[in-house]
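One chain, subunit A, links the two complexes that follow: it is found with subunit B in the first and with subunit C in the second.
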Partner chain A sequence: MGKMIYSILKAAEDPGQLPAVLSGMRGISDADFHEVSYDDITAVVCDVQRAGLVTDRSATMDYAGVIDSLFKDFTLLPVRFGSVMESEGEIRNMLERNHIEIQKNLLKVEGKVEFGLKVFCDTEKLKADRSIEPEGTIKSVNDAEAGQKNQVYMDYVKKKLAEYRLEESVLSYVNSVIKEITECLTGVEATGKFKKMASPANIIDALFLIKKEMTAELIRVVKDLQTRYPDLNFMLTGPWPPYNFVDVTIS
Partner chain B sequence: MSENKILFSTGNLEGLAEDIGKMSDTEGSKLKLHPDNADSGLAKLVLTLVELIRKLVEKQAMRRVDGGSLTDEEIERLGETLMKLEMKMEELKKHFNLSDRDLNINLGPLGDLM
Partner chain C sequence: MNENVIDRSRDITILEVLDRVLNKGVILTGDIVISVADVDLVYLGVKLMLSSVETMEQLKSGKH
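Then we have the complex of A and B:
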């Protein structure tokens, strides 16, 4: 038997609040939740049979659902699915050893929520719209000897050069959209992370951490961006617990 | 989590879901090593690294061609080398029955390798 940790949270002012919230929830394999505390931080855990731990979609969704419910009432650090420790004593020691790091991270995410912004586009259309010469024109330092070139190899380089220029042009466009998103979000005071070209269609996959009260403003900014870029599709999701803005290496 | 987390979207949700599904579908890009397929599993891993390096070399070469600092002779030699490398890779992929998708390992949150 082990203890699965769902999240680490900052103790509420009302000591009865967490037990009240947990009493209405069930953990993995229908187990009860309980708290393991050290100083002002608490880990929410439930008993789990390591051997019977199923790591399918349904289990991970249930796990995320618990973190999401807790997140409505508490400032928390979500813990990765499958984080199991042997005993309450071991968890308490872990909280003690990492107390400063955990507190630092809790402070960073306090009163904040995470949002995901995915930008999709028809990459083939985007490429077609780029003004790239179909065959790359090669500049060389001695163009005068053009007649001596082996045409097969030169044609191959031209083809590759055209592909390279197209790729660079698309990347430059993506960078310009990211720059605009960043500028538009200045007023929202967002901390952002951007991933470019996550897939051919998903040209930008961004994550933001913002103050809860800025949510409406963020939605307005995204709607405004959509109007400016009618050929792109913006998808905003959230609010999420701060999955991607927690940086604790447990020792 | 029954709550709707999509706050704003203009695209066709089914199409977007399909795209997202493809991104998280790592089944095809997993390295499956078993005693009975150790050869092909290892070949997949090695060829993935070779392909990554080949693409990096190709990109760097095109950057130099685009910069206009090479002579015609150098460009021609570059073209010959890159072309032969690509043909050799195709041969190896065919030999080990691998596709381009097989050589694109999914690195989880970091996305696809290539």
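Then we have the complex of A and C:
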């Protein structure tokens, strides 16, 4: 038997609030939740049989659902699914050892929500629109004295150069879109993370941490961006607990 | 918007949930106990999803 940790949260001003919320929820394998606290931070845990812990549909979704429910009432740090410790004492020691780091992260995400923004694009069309011819400097070497062997080599180099320039051009376009998104989000005061070319179609995979009250403004900005870039498709998801803005690794 | 389009967008939302729950958050190294079984894609049903009609149509046609 172990203790599965769902999240670490900041203690509420009303000490009765968390027990009241937890009393209406069930953990993995229908177990009761309980709290393990140190100072002003609390881990929400439930008993679990290590051997029976499986990432099936209901377990994973129920796990996310519990964190979502807690997130409505508390500032929290989600804990990765499957994090199990032996006993309450071990968890309390973990909270004590990492107290400063946990507090720092709780402060960073307090009153904030995470959003994901994926930007999709028909990359083949984008490449076709931005197709670039190899420059003449290559051709100047390609004279009659080059011979058949050199010709094969030069054709290869020209092809590779064209591919490189095309990739560079597409990346430059992606960078310009990211710059535009960043500028448009200035008023939202978002902390952002951008991943370029997550897949051939998904040219931008972004994450934002914003104040809860800025949600409507973020949606307005994304709608505006969609209007400005009709060839791109913007997909916004959220609000999420701050999964991607937690920086705590516990050994 | 037909049901297939909605199903595809639900799948994407579920992938977002799984990516977060399984890969993000506070990490306790050495204490992860997971075995994978039957990870079906279902809709959690609590998330906002904002997307253009074009996106939905492309999802419908399987371009993404």
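The definition used in the following text is that the second predicted complex is superposed on the first by the 232 of 251 C-alpha atoms of A that agree within 3 Å, B and C clash if a C-alpha of one lies under 4 Å from a C-alpha of the other, contacts with A are read in each partner's own complex, and residues count from 1 in each chain.
Everything that follows uses one rule, which is that a residue touches a chain if its C-beta (ideal position, glycine included) is under 8 Å from a C-beta of that chain, and two chains touch if they have at least 3 such contacts.
Quick caveat, the model's predicted, so the values are computed rather than measured.
Trainee: Would you sort A:154 into first (subunit B), second (subunit C), both or neither based on which partner it touches?
Mentor: Once the two structures are laid over each other on A, A:154 reaches subunit B alone.
Trainee: If we overlay the two complexes on their shared chain A, which of subunit B and subunit C does A:248 touch? Say first, second, both or neither.
Mentor: second
Trainee: Which of the two partners, first being subunit B and second being subunit C, lies in contact with A:234: first, second, both, or neither?
Mentor: both
Trainee: According to the stated criteria, A:198 is in contact with first (subunit B), second (subunit C), both, or neither; which is it?
Mentor: The answer is first: A:198 touches subunit B but not subunit C.
Trainee: Please indicate which partner A:173 is in contact with in the superposed arrangement: first for subunit B, second for subunit C, both, or neither.
Mentor: neither
Trainee: For A:120, decide between first (touching subunit B), second (touching subunit C), both and neither.
Mentor: both
Trainee: Could you say whether A:222 touches subunit B, subunit C, both of them, or neither, answering first, second, both or neither?
Mentor: Both subunit B and subunit C are touched by A:222.
Trainee: Report for A:165: first if it touches subunit B alone, second if subunit C alone, otherwise both or neither.
Mentor: Touch partner of A:165: subunit B, not subunit C.
Trainee: Applying the document's definition of touch, where does A:68 land relative to subunit B and subunit C: first, second, both, or neither?
Mentor: both
Trainee: Taking the stated contact definition, name every residue in subunit A that is touched by subunit B in one complex and by subunit C in the other, in rising order.
Mentor: 61, 64-65, 68, 120, 201-202, 219, 222-223, 226, 233-238, 240
Trainee: Given the complex with subunit C, which residues does subunit A contribute to the contact?
Mentor: 2, 5, 7-8, 50, 53-57, 60-61, 63-65, 67-68, 77-85, 94, 102, 116, 120, 122, 201-202, 219, 222-223, 226, 230, 233-240, 243-244, 246, 248-251
Trainee: Residues of subunit B touching subunit A in their complex?
Mentor: Contacts found on subunit B: 1, 3, 5-11, 16, 19-20, 22-23, 58-59, 61-63, 65-66, 68-80, 82-83, 111-112.
Trainee: Can you name the residues of subunit A that touch subunit B in the complex?
Mentor: Going through subunit A, the ones touching subunit B are 61, 64-65, 68, 115, 118, 120, 136, 138-143, 145-146, 148-150, 152-154, 156-157, 160-161, 163-165, 195, 197-199, 201-202, 205, 219, 222-223, 226, 233-238, 240.
Trainee: For the complex, give me every residue of subunit C touching subunit A.
Mentor: 12-13, 16-18, 20-40, 42, 44, 46-52, 54-55, 58, 63-64
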